[in-house]
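Every chain is named by a letter (A, B and C) in the order it is written, and numbering of its residues begins at 1.
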């Protein structure tokens, strides 16, 4: 045990270890959530879902899909802008991965506890907007261009409610550090969602829009634009986008859990148990939110672009601003 | 890519002004596209998200049926004709056979007419269920697809049980219907009738279809996003519809209470009690809703027909080689997609001299340039889907 | 079918006995309004108008008779020589016959208007101004028969590729497979080659010919 603690107190070793862990988490989370989506959507649609790959449960389906994507030919369309085309999926995946760095999995169990945790997370996640626009523009295809432009409009419009919804929770906690926010909820004794239910609702809606999931999947809009900005991507580049979507679902849900639902804490569990039970509790709550996202996807049709924009600008932003004002007043006078 | 250079030049030359000059783009929707119901190509000139000149290009599925039918006999043409609107295969055969029977002056036995009616209504249910499945999918909702297709499987299984084909029944013969018992020397003498249990199973299946229609209505009809995407979109006024020849549920959604089943006599619909659902505004939601209500009415008709079907022969006595005497006639029927008619010109031979096929979807989509003027791109998909056409019906 | 002695007249389906047909009155009314000649052929009202008054007749039908639903427009290529089957029982004049069916959307009355065009340079005024839906139907008639419609805004090919030459639905346009394999003739259904299960071929209508 001593040897291990000494080993990991070395900066470079622990850095490498953390990088490996994050790198490993992404495909793992992607596969688990992907499998959950396939099975849940099948249940909702009176189907069975993956069945043959891996016994009669089909758990190996995603692994098979991953291998399939990897061994495909690397196609870059003739008309495409090659460097931009190649960088775009990387940008989207990186912005997702970066969010995982500041999520507290337990007391002290965090990759890097930044003082400006939530600020960092939101800033990095907006890089994916650039990535999507790059993908749409550089594909050399009118459908991709339309999808990319729709995506740009949508993602920019929904960044604002996403950020503003978070501010209420930050104000209640008094700190931007993610572990600080969880500790504030622990010391307050209740998760912030009880006071910030408007903020929570707005955050979840804006998160769905940031992910380009139905009901906000105009940029992809399978029945209209074939695959929108993803049309020309195949092989492992598509895998990056694919994984990025599922990992992003996890990341944003984890942020929501940390900010609003109490993070790795459940009332009634003593401190020392939290060190071991914390990650489990966090994962449980996150998967609950992920389940809701999957549920919404298979129930609703998609909004039209202008309806989507008016929802963001006319409803969500004023609501979130009102939320901030009310929270501020609450904080000052109570 | 042309856009790069133009935009760069534009940005470097232009000064910042309030009016942002945008360029129009020609977008090809189709012929391979998830939402065009087949190989339809729309050449749309769009400015941003707004389309202002949409021209359909058809003919990718043109199979030359009218020319082919001049060198085929009537039973052979029956096999061709149910491939026109393949979603409701049986309904295409009936008006054609009735036209030939009119020229021959043959009286079709009652039982055969009832069977034709039951199968036509089942074809209508099948076609409308496909619409129920695919239309929400085009709007983004993936789940009603599975519910509707699950019910459609029941209907198709029944159709297969009695005619031998799910999509292409080939069940009509001149003078009646022909059950699939074969015409070999050993089976020819068997009294040919419907398979045992068909009527009882159909009745069962109709109850389940009714329940499924209720479920679909609950799932889709009041969904806010569906309402936002379809209410007030693609309004079709009656005069425009009539001058273009738009018929069927599309016309009824615009408020016209007109159904060919009530005015034409190709099948004994006058014996049954059913309503004609009518829409109010003529928008996409009304077209969806009218078809949903029509499924219910079709189920009613089938149930009444099964309860009152008479016994008797299934085919009138006809000679082995049928030569239809000289004459011309136009018979039209209420197909699920609209008015389908056959103008049959015969010169006394085993096959027609000229067969003009008036297909519903051809006229229904001739309205696309008018109705898609100035419409947003997602609405193009919503409106096209609501017209419910099939390319085989358009191109023949 | 020639008319038999009076006792069978009411038993048969009335084909050309205008006094009995329920649509006769309507047919006469239509013919009077558009100034054409009406016949009833197997429950279909067919009104013939001369080619010069094609547009005005249909406009009158739309405005005064309530027939504003445009059903279809097409043509028939009448040629006295037939490629398949028996020749015409009587005399047939070589011509193009343009047909257009209009209907109303309240009672379901429908009338098929027809006019005759000559075989060389067939041309008739376009109905696009009267019925917007005639646009595609006339394009189809143009490419299939070669009939010209002056006044049509865009008389281009509808189904066939632009480079296609010829007018497929004319009787003079051969159906290539018939050049190679002749019309099967009297056998209704050909049996599978080599199987013994074949229908005995029957020559022409047999004694099973029923009474209509």
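The rule is simple: a residue touches a chain if its C-beta (ideal position, glycine included) is under 8 Å from a C-beta of that chain, and two chains touch if they have at least 3 such contacts.
None of the values given here were measured: they were computed from a predicted structure.
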| Through how few touching steps can chain B be joined to chain C? | 1
| query | In terms of Cα-based centroids, which chain occupies the most central position? | reply | B
| query | How big is the gap, in whole Å, between where the Cα atoms of chain B centre and where those of chain C centre? | reply | 24
| query | How many Å are there between the centre of chain A and the centre of chain B, using C-alpha atoms for each centre? | reply | 44
| note | Cα centroid separation, chain A vs chain C, in Å, comes to 65
| said: Applying the document's contact rule, which stretches of chain C touch chain B when the two form their complex? | reply: 1, 12-13, 15, 41-44, 46, 68-72, 74, 76-77, 82-86, 88-89, 99, 101, 105-108, 110, 112, 131-133, 135-136, 144, 157-161, 168-169, 173, 175, 178, 183, 186, 188-189, 197, 199, 202, 204-206, 208-210, 212
| query | chain B touches which residues of chain A in the complex? | reply | 41, 44-47, 79, 81, 140, 142-143, 145-146, 150, 214-215, 217-218, 221-224, 226, 298-307
| Hey, which residues of chain B end up touching chain A in the complex? | 1, 3-4, 25, 27-28, 33-35, 49, 136-143, 145-147, 150, 223, 225-226, 228-229, 376-379, 381
| chain B to chain C touching residues, read off their complex | 58-59, 62, 64, 66-68, 70-71, 73, 75, 102-106, 184-185, 238-240, 242-247, 251, 256, 258, 260, 262-264, 316-323, 325-330, 332, 339, 341, 343, 345, 347-351, 353-354, 356, 358, 362-363, 366-367, 370, 395
